[in-house]
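These are the structures, in structure tokens.
Look for subunit A in each of the two complexes below; its partner is subunit B in the first and subunit C in the second.
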Partner chain A sequence: MLLDLEMLRIRFGAFSPVDQVTLSVDRGEILGIVGESGSGKSLTATAIMGLLPRIGGQIAAGNIRFDGTDLVGMPERQLRRLRGGRIALITQNPMTSLDSMMRIGPQIDQAARLHLGLSRSAARARSLELMADLRIPDPASVYDLFPHQLSGGMKQRIVIAMALAGDPELLIADEPTTALDVTVQAQIVQILVDLVRQRGLGLILITHDMGVVAQACDRVAVMYCGRVVELAQVDALFEHPRHPYTQALIRCIPRHDMAKGTMSAIPGVVPSAAAQPPGCRFNPRCALVADRCRVETPELRVGTSGNGVACHVAEAA
Partner chain B sequence: MSDLLTVNGLSRRFSDGGLFRKRKVFHAVSDVSFTLKRGQILGVVGESGCGKSTLARLVLRLINPSAGQVQFDGVDMASLSRTDMRRLRQRMQLVFQDPYSAIDPRYSIRDALLEPYRVQGVKPKSTDDTVSSLLDMVGLNGSLAASYPHQLSGGQKQRVGIARALALNPSLVVLDEPTASLDVSVQAQIVSLLERLRQELGLTYLFISHDLGLVRYFCDQILVMYLGRIVEVLPSDAAPAHPYTRALLDSTFEPDPKRRRSITRLGGEIPSGYDLPPGCAFANRCPRVTDLCRRVLPTLTTQGSGHQAACHHPLAAVPEVVEQRSVA
Partner chain C sequence: MIGFTLRRLVLLLPVFLVVSLVVFFIIHLVPGDPIDNLLRAGSTPEQRLQIAAKYGLDRSLIEQYVTWMGRLLTGDLGTSIIQGRPVSALIARNLPYSLELGVAALLFSTLTGIAAGVIAASYQGTRVDDTITGFILLGSTVPSFWLGLMLILVFAVWLGWVPVSGARGWSSLILPVIAAGLGGIALVARVTRIAMIETSRQDFVMLLHAKGLPPFIIQLRHVLRHAMVPVVTILSLRIGWVLGGAVTIEYVFARPGLGSLLIRALNQRDYPLVQGCLLMLAMAVIIGALIGDIVQAAMDPRQREARA
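Presenting the complex of A and B:
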């Protein structure tokens, strides 16, 4: 496995917004992480990047093994060498990664110079090649532009080029298309999928869009209230979702072949971080809730297949 | 069914520049015509900046058109006096794209729900009963009346926005991307609520969205906009005839891994609304473009029942073929 997270718990003071996160991604594989806003997707990505201390958080338990080495407790100096090099992150808003005062090209060059030790001219040649790979029209002209001169989709492609410049083995894309129009979103997702297939990188694709998951991912981790509740192959997840939350989530997605008036919603709301129910966190909204669910927290047990579900009822079935 | 709304040749230009700079004219909405029957749900789709919100504001006459007419229930809105216009306003309401900006943060939910009555100078019989029945109608607990917007979730705020729009018993509700900022599970709750309210209150909806999947599920008829113009009008289960609608559909990811398809990559950038090309605005990105398209603006022509497209070379009405090929 390229990346292996085991029972990860993230803590901010007395409060643990992410707990029991177990997931893995291999080279040449796309793992989707889905869940509603606040379910802990971005914090998980932040933890993998070793950036939790910057936002005041820490890892309270668990491991993050990257290519066999545990990143938990690794000195910042070593982490810095990995970040932007062997592990790269693409965020939702391209402007968090881009410097508005700096021309596009040199921003892409930076990672290659820092992590691959390339000369200025070699880095430039590599950046132009990456831009062409990402089908940015006329790379040589775009190289000299400033970020504000580009459309949102083009900026996101530049951010992907920056992430690729350090020749990463693991790429984490946190809602890379949420701010974009559908036709542009489709292009960006296609670019990411092609990168995995052609270069054999491992990709963690974080999204709240089940359509993107179905079309692009190999395996999926479903998160609810800071926990992974189901881990499955993409086909199995859509065909036989096991966790009641996954089942309900799939029924919420509008599909054109669905008869009008048949979309079903999940009753109730996501509990706030301060008011998590005891036992299974989904129990106040679950149609299958049993007495046990209100007291005993179901654990995610991952089998040899790499699949698993955290639910008392589904596990017994 | 009779027509509730008839829109004819509606256009809106915005100009900037002035004395010393060359005046530039931006075509936000151009020559839009359609009718909306009582009780129908008409969807409007298109990408960011194509003029959807501008069209909504024109229909409700929150801004004036540069050309064209809007008839509401047979009455030309331009002909109305200020008082009559205000009275008509009660019958057409808007639900905003962003539930966060729609309610004044200083108002309690109770005040927000009573605001439409104040604005219209109408006095409800009992304010307490009105507030609790409005909250009840949108599935919110009556105890929320004393809360302030920052204490509510996005979905709750959007329910308040809907309740407020329904306060004065409108006939037409214009919904401008009412679920764009919400999670799918919350979107499903809002969509089910809108379906129920339409049945119970006999409402007519103009439903704006950039999500073709949602619009195909929720609406009866769909208008597709590109750069301010309607490029296609189609029943929600019809196969598209316009290459742009086709591209939009191909870019929509279906939540079904067995129906993976290769993405037809649209080339080119969307032209600017400042200098529109003389012919078809989609010509620089269209796989079917010919010389004719670059010279002559295509107009809406009939493709089937309730189906029109503005294209010189429309796609044949073949049933939708799903490629079994994966994006991989």
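Presenting the complex of A and C:
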């Protein structure tokens, strides 16, 4: 496995907004992490990048094994060598992810110069090549532009080019399409899928869009309230969702054959980290809730197939 | 960029007109007139009228303004009533001292202030930050004249390292620059610190960390550049202060300068000299703001484009 998260717990002061997260991704594989806002998807990504201390959090328990080495407790200096090098991040909002006062090109060059030790001109050549790979028209002139002179879709390609500049083995894309037009979304997802297939990268694709999951992912981790509630191959997940939350999420996908006015939603809201219900965290919103769910927290049991579910009801079925 | 600068220069004309009006009429609103200072005890009302007529003070204010403005457009600031010398000559003699102190104090407070702000922001929430923030508070509340007196007491009187007063050589400049610059350090440091902290919270800074760049590179090459935009704004407001803001410091250190010249002229109701000094200071403020605008536009690529 390229990346292995085992029983990861993230702590902010007295709260643990992410707990018992176990998931993995291999080279050439796309793992989707889905869930509503506040489910801990982005925090998990931040933890893998080793950037939790930047936002005031820390890893309280568990392991993050990257290519066999545990990143938890690794000195900052070593983490920095991985960051932007072997592990790269693509952020959610391309509008705010670039330095508005710096030209596009040098921003892409940075990682190559830092991690691959390239000279200014070699880094520039590499950046232009990456931009061409990402189907950015006329890379040489885009190289000298400022971020505000590009469209959102183009900026997101620049952010992807920045991530690729350090020649990563693992890419973490945190809602890379959320801020973009629908037509551009599909292009960006396709670019990411192609990168994985052509370069053999491992990709963690964080999204709340089940459509993106179906289009791109090999396997999926469904998160709710900081826990992985279901881990499954993408086909299995859509055909036989086992966790009631996964089932509800899939029911929420609008289809053209639905009668008008029948959009479905999950009743209730995600509880805050300070007000987690006892037992299964989904129990107040669950249609199949049993007495046991209100007391005992179900654990994610991953079978040899790599699939698993954290639900008393689903396990009994 | 050049078009933008030219447009701003043209806009200075109406501003100049309004400033000249305010400068002229505000001094005439003050009770008393310069003739009192020229008359000897026991003078007759006839002598008084004679002197008033000599300086054109018997005519209406409008007439006086038009005359003054007419001369001003030819570059003539008039003649000091009390000292009997051209106003421009008096200003020219005092200006170098003000410039020397003002520019040195501005440079000192800007560089020290930015450095302090960057350090405080980089160690936000630690004891280093607390210490600098404490000094900022102190610096913005301690009156500069009191600080000046204390500096004189310690470094000139007790230790004898520098002259007590005057304006001879660079050693006599050290204490005035520190005293005049302290408020500026506090202001620049405070604005730099806040701007750095706010910029650090932006998404692009997180992504720079995600690239694995060392924190000090991120702070100096990226965050500081963004943080300099508000700092330039407050600096541009202080450029005008460079010339006239150090009046109390000039007094404490018995230095010549525009500030002392203006205060003396005010006390004597020396209308032409007051008007000349005020006009100089007002123009310094306006030109400072203009320079600030231009620098800011040059720094931010978005503004550069919008104003091209």
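By definition in this document, the second predicted complex is superposed on the first by the 308 of 317 C-alpha atoms of A that agree within 3 Å, B and C clash if a C-alpha of one lies under 4 Å from a C-alpha of the other, contacts with A are read in each partner's own complex, and residues count from 1 in each chain.
In the analysis below, a contact is a pair of C-beta atoms (placed from the backbone, for glycine too) under 8 Å apart; a residue touches a chain by one contact, two chains touch by 3 or more.
It should be emphasised that the depicted structure is a prediction, and the values quoted were computed from it without experimental measurement.
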item: Room on subunit A for both subunit B and subunit C (clash or fit); value: fit
item: Touched partner set for A:Met101, first subunit B, second subunit C, both or neither; value: second
item: Partner chain(s) touched by A:His115 [first = subunit B, second = subunit C, both, neither]; value: second
item: Partner chain in contact with A:Leu201 - subunit B first, subunit C second, else both or neither; value: neither
item: Touching partner for A:Leu89 - first (subunit B), second (subunit C), both, neither; value: second
item: Cα-centre angle that subunit B and subunit C span when viewed from subunit A, reported as a multiple of 10 degrees; value: 80
item: Touching partner for A:Arg81 - first (subunit B), second (subunit C), both, neither; value: second
item: Which of subunit B and subunit C A:Leu171 touches, first, second, both or neither; value: neither
item: In the superposition, subunit B vs subunit C on subunit A residues touched; value: B
item: First (subunit B), second (subunit C), both or neither touched by A:Val142; value: neither
item: Which of subunit B and subunit C A:Met223 touches, first, second, both or neither; value: neither
item: Minimal inter-chain CA distance - subunit C and subunit B, angstrom; value: 11
item: Common ground on subunit A, meaning residues reached by subunit C in one complex and by subunit B in the other; value: none
item: Of all residues in subunit A, those that touch subunit B in their complex; value: 36-37, 135, 151, 181-183, 185-187, 189-190, 193, 197, 208-216, 234-235, 238, 248-256, 258, 260-261, 263-266, 269
item: Residue numbers on subunit B that touch subunit A, as the complex places them; value: 47-48, 153, 155-156, 183-189, 191-192, 195, 210-214, 216-218, 236-237, 247-248, 250-258, 260-261, 263, 265-266, 269, 327-328
item: List of subunit A residues in touch with subunit C within their complex; value: 49, 51, 54, 80-85, 88-89, 91-93, 96-102, 110-111, 114-115, 146, 148-149, 159, 162, 166
item: Contacting residues of subunit C [partner subunit A, same complex]; value: 202-204, 206-214, 222, 225-226, 299-302, 305
